[in-house]
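You will see two complexes here that share chain A, one where it goes with chain B and one where it goes with chain C.
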Partner chain A sequence: MSVTSTYPEQRSAGQNNRKLILLWLGLLAIPLVAVILFAVFQPVKVVPRIGLAPGFIFTDQNGARLTNEDLRGKVVIYNFTTTSCTAPCVDSAPTMQGVQALLARLDTEGIPVKMVTISLDPERDAPQRLGEYAQRLGADPALWHFVTGAPERLKQVVGGGFGLYYKQEDDGVFEFDPMIALVDGNGILRAQYKRGLPDVDFVARDLGLIFDEVRNSTGAGGLVYEAAHLFACYATY
Partner chain B sequence: MAPGKGGADGVHIEAPPNAPAREGHGWRTYRLLVALAAIMVVGAAAILLWQRFGPRPGPKYGVAINANASVQDFRLNSTLGHPIALSDFADRYTVLYFGYTTCPDICPTTLADLGKAEKLLGDAAKRMQVLFVTVDPERDTPERLHDYLAYFSPTFIGLSGGLEETEAIASQFGVVYEKRYASGSATDYLMDHSAAVIVLDAERRPQVMFPFGVTAEQIASDLQALLR
Partner chain C sequence: MSDQTHETEHSPKTGGHSVDPQLTDDPMQEASLHVEKWEGIWIRVSVGMTVVFIAAITLAALSFGISVPGATARINPATLNDPGSPFATPGLRELAPGKYEAYMVAQTWNFLPDKLEVPVGAEVTFYITARDVVHGIKIAGTNVNMMALPGQVSTLRATFDTPGTYNYICHEYCGYVAGAPIGHHTMYGQITVLPADETAQVTTE
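== the complex of A and B ==
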């Protein structure tokens, strides 16, 4: 090897090194770009896991006991109201009727779904009145439960667990904002539609996402879903 | 090689004819080493960041909750002889279970599984604390809780509060319970209660839930991944 020949060799080695460094930088950039693309385009959409839904033991329109444990394994759509909710009280019942109609034509692929209306007014909304209310709304008794419980329990479950502020005025009228909530089969609160009444389409979209997740989040899909939850920047409503 | 005269001088004398080639070699090796070191450092940093912030595979046997919100803190009488708050464990995961000492089957099975999982985890178990909240505070005194829990693990802490208080605390974990009287006697009753074990992170956010029926090995495996 001669002295003269080493100079170009050195230069080419330098070029090689530069290429090598570029290659490695490129390799390092791939996951970063992938993460950014995943966060921006959100190929897998999820509804966030807000927290554990509250536990309750309430009484339904037939005087039977209904607990959150009875509803485990089922996706549940809740609304919170009173049977005497008339204007200016914003009634969420029509939206629930819309959801019931939606469920009638929706293929949930074997995932059981329930609807629960929680009355904030146990004093007036005794089981019989809840039953009449259910009939008036055309509720399917196999799908849709109407429940209530002791005032302090309701405060704890609805006010605390579901995060809906409400109060009874001196004239006995309940003041509250309409709210609909989604709880998944694991008892995890997934959506609280608090800003006025949601369009049934919003509820339908989120229900669809929950069903997709139940179906697809096994095995490797699970990691993709966990990643999606990490970037849970998907606004629900 | 003898230190001093022979070494450096010898190399110096023999060097000139081969010097450029050798230098090229050394320079290349040096740069390669630097590049490798840099890659290792960046790689290690990436792995650490991924472990800290990256998505974790969901629990294999339990149910992922990964709640965004913390549960409300609470303070109850404990088997340590003084009241304990959930926020006292801000440096570790807490494993919460609701039950009662006269529980015939589910509670002892679950507690035995948690005790076994704790043993299987070894040192990692130091980053978690098992808390047993009695749903039967009328019969479960702190002394009784203490003796009962000692049977499963010396580290388990028992908590008891008022009736209303306990019910409210349990509800925020989706845990409910009620008395089921076995006979006419007012003290002869069982508690029907939710059987799930709930794991909270240091910020009191529910992370994982183990339904009844998950084995000690499975609990340990999921906790191992969480406690990394």
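== the complex of A and C ==
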């Protein structure tokens, strides 16, 4: 570090240069430190983007067509079951009723929400039976759809797309694990509650995080949310 | 500190004909510290390599979606055999034509299951967790190389486009019984990828 030159101009130039480098390093360090602090303290929490939700064309309880495109721009809560799901089959319908009650008292701030029950048993769950099932559950027809489709398509959508394994036993009973899934308005799968049924509180928290993201990710806020996704700032259970 | 400021403030005036910005081109090292030419080159190469490696690891981790163990995939090892848990019946399940999921349990000292058969072209999502201690899984010839931790589900996807056999091993030393032919080194399994014609036979049988 000792200055070998005896010329005063050169010595001051070298120190000037060093100051300039320190200044640049300091300026570079500010965003770096900011990024590290963001990744460590995670001030913004998000729900992970698991992948693209599958496309589908199904028939609902009124015999009308329902596609994934109809649900674009809406946050959708899916569950997968059959109308004849009784013990030992674990039914996700009570949790969905809980979510419906939650949505009634939750302020979604103008963000449209839908609920969709996909029946895995198209042979028995004809539209009429789905309609009766909907009435039995006290479903709001404007909010909650009950759909099913051809077995091969169901397998592609539910198995291949949502990643839920199900199988019809020889006695006609469907064997599957209960699952509830959240899909956002862009058609991206955001949550799969796969291991057992989730508490309605967990669903409420994840819905709240998605609503926050939709509201706040405009302009520079969008970059903050992208950073939160990049650094996996996920809410924990 | 104040001296330096003083000097820098002075430099434009004392500089006279040789103006300051031009002088900053003069490399600082030459003025202050003598570095051998080849030593300097090697210092730059080693610093450059470190930067490239850190960037490559970061990019690879982001582009392959690699994540460190976290709260999003937790599971209680005591509940693995509960009814409804996919780990209670480990093995391969067909989600949709050509798409499979494989639930696997690593335990001292074997994998459940230790044999898998998939048709060629199958896309398999592996879910693996450990029942007792830290294990690992490496499926030779694929990108699957994961830790299997108790309390955590590790997930990776692989597509098997070439028929043949793929061995998988535990690559995390997990102990052994002294004197007994059992332990970490006996913990392995094999995936058989069936060619298209044999797959047709299996499905029609």
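By our rule, the second predicted complex is superposed on the first by the 197 of 237 C-alpha atoms of A that agree within 3 Å, B and C clash if a C-alpha of one lies under 4 Å from a C-alpha of the other, contacts with A are read in each partner's own complex, and residues count from 1 in each chain.
Just so it is clear, a residue touches a chain if its C-beta (ideal position, glycine included) is under 8 Å from a C-beta of that chain, and two chains touch if they have at least 3 such contacts.
Quantities reported herein were computed from a predicted structural model and do not represent experimental measurements.
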Touched partner set for A:T67, first chain B, second chain C, both or neither: first
First (chain B), second (chain C), both or neither touched by A:R195: second
Partner chain in contact with A:Q156 - chain B first, chain C second, else both or neither: both
Which superposed partner A:L230 touches (first chain B, second chain C, both, neither): both
First (chain B), second (chain C), both or neither touched by A:L28: first
Partner chain(s) touched by A:K19 [first = chain B, second = chain C, both, neither]: second
Chain B versus chain C as contact partner of A:S217, first or second or both or neither: first
Partner chain in contact with A:P48 - chain B first, chain C second, else both or neither: both
Touching partner for A:R136 - first (chain B), second (chain C), both, neither: neither
Touching both chain C and chain B, counted on chain A across the two superposed complexes: 1, 3, 9-10, 13, 17, 20-21, 48, 156, 160-161, 230, 232
Contacting residues of chain B [partner chain A, same complex]: 18, 20-21, 24, 27-28, 31-32, 35, 39, 42, 46, 54-58, 63-69, 71-72, 164, 167-168, 170-176, 178, 194, 198, 205-206, 209
Residue numbers on chain A that touch chain B, as the complex places them: 1, 3, 6-7, 9-10, 13, 17, 20-21, 24, 28, 31, 48-57, 67-69, 152, 156-157, 160-161, 186-188, 217, 222-223, 225-227, 229-230, 232
Contact set on chain A toward chain C in their complex: 1-5, 8-21, 48, 88, 90, 155-156, 159-161, 163-165, 177-178, 195-196, 230, 232, 234, 236-237
Residue numbers on chain C that touch chain A, as the complex places them: 4, 7-8, 10-11, 14-16, 18, 20, 23-24, 26, 28, 31-34, 62, 67, 70-72, 74-75, 83-86, 93-97, 99, 101, 125
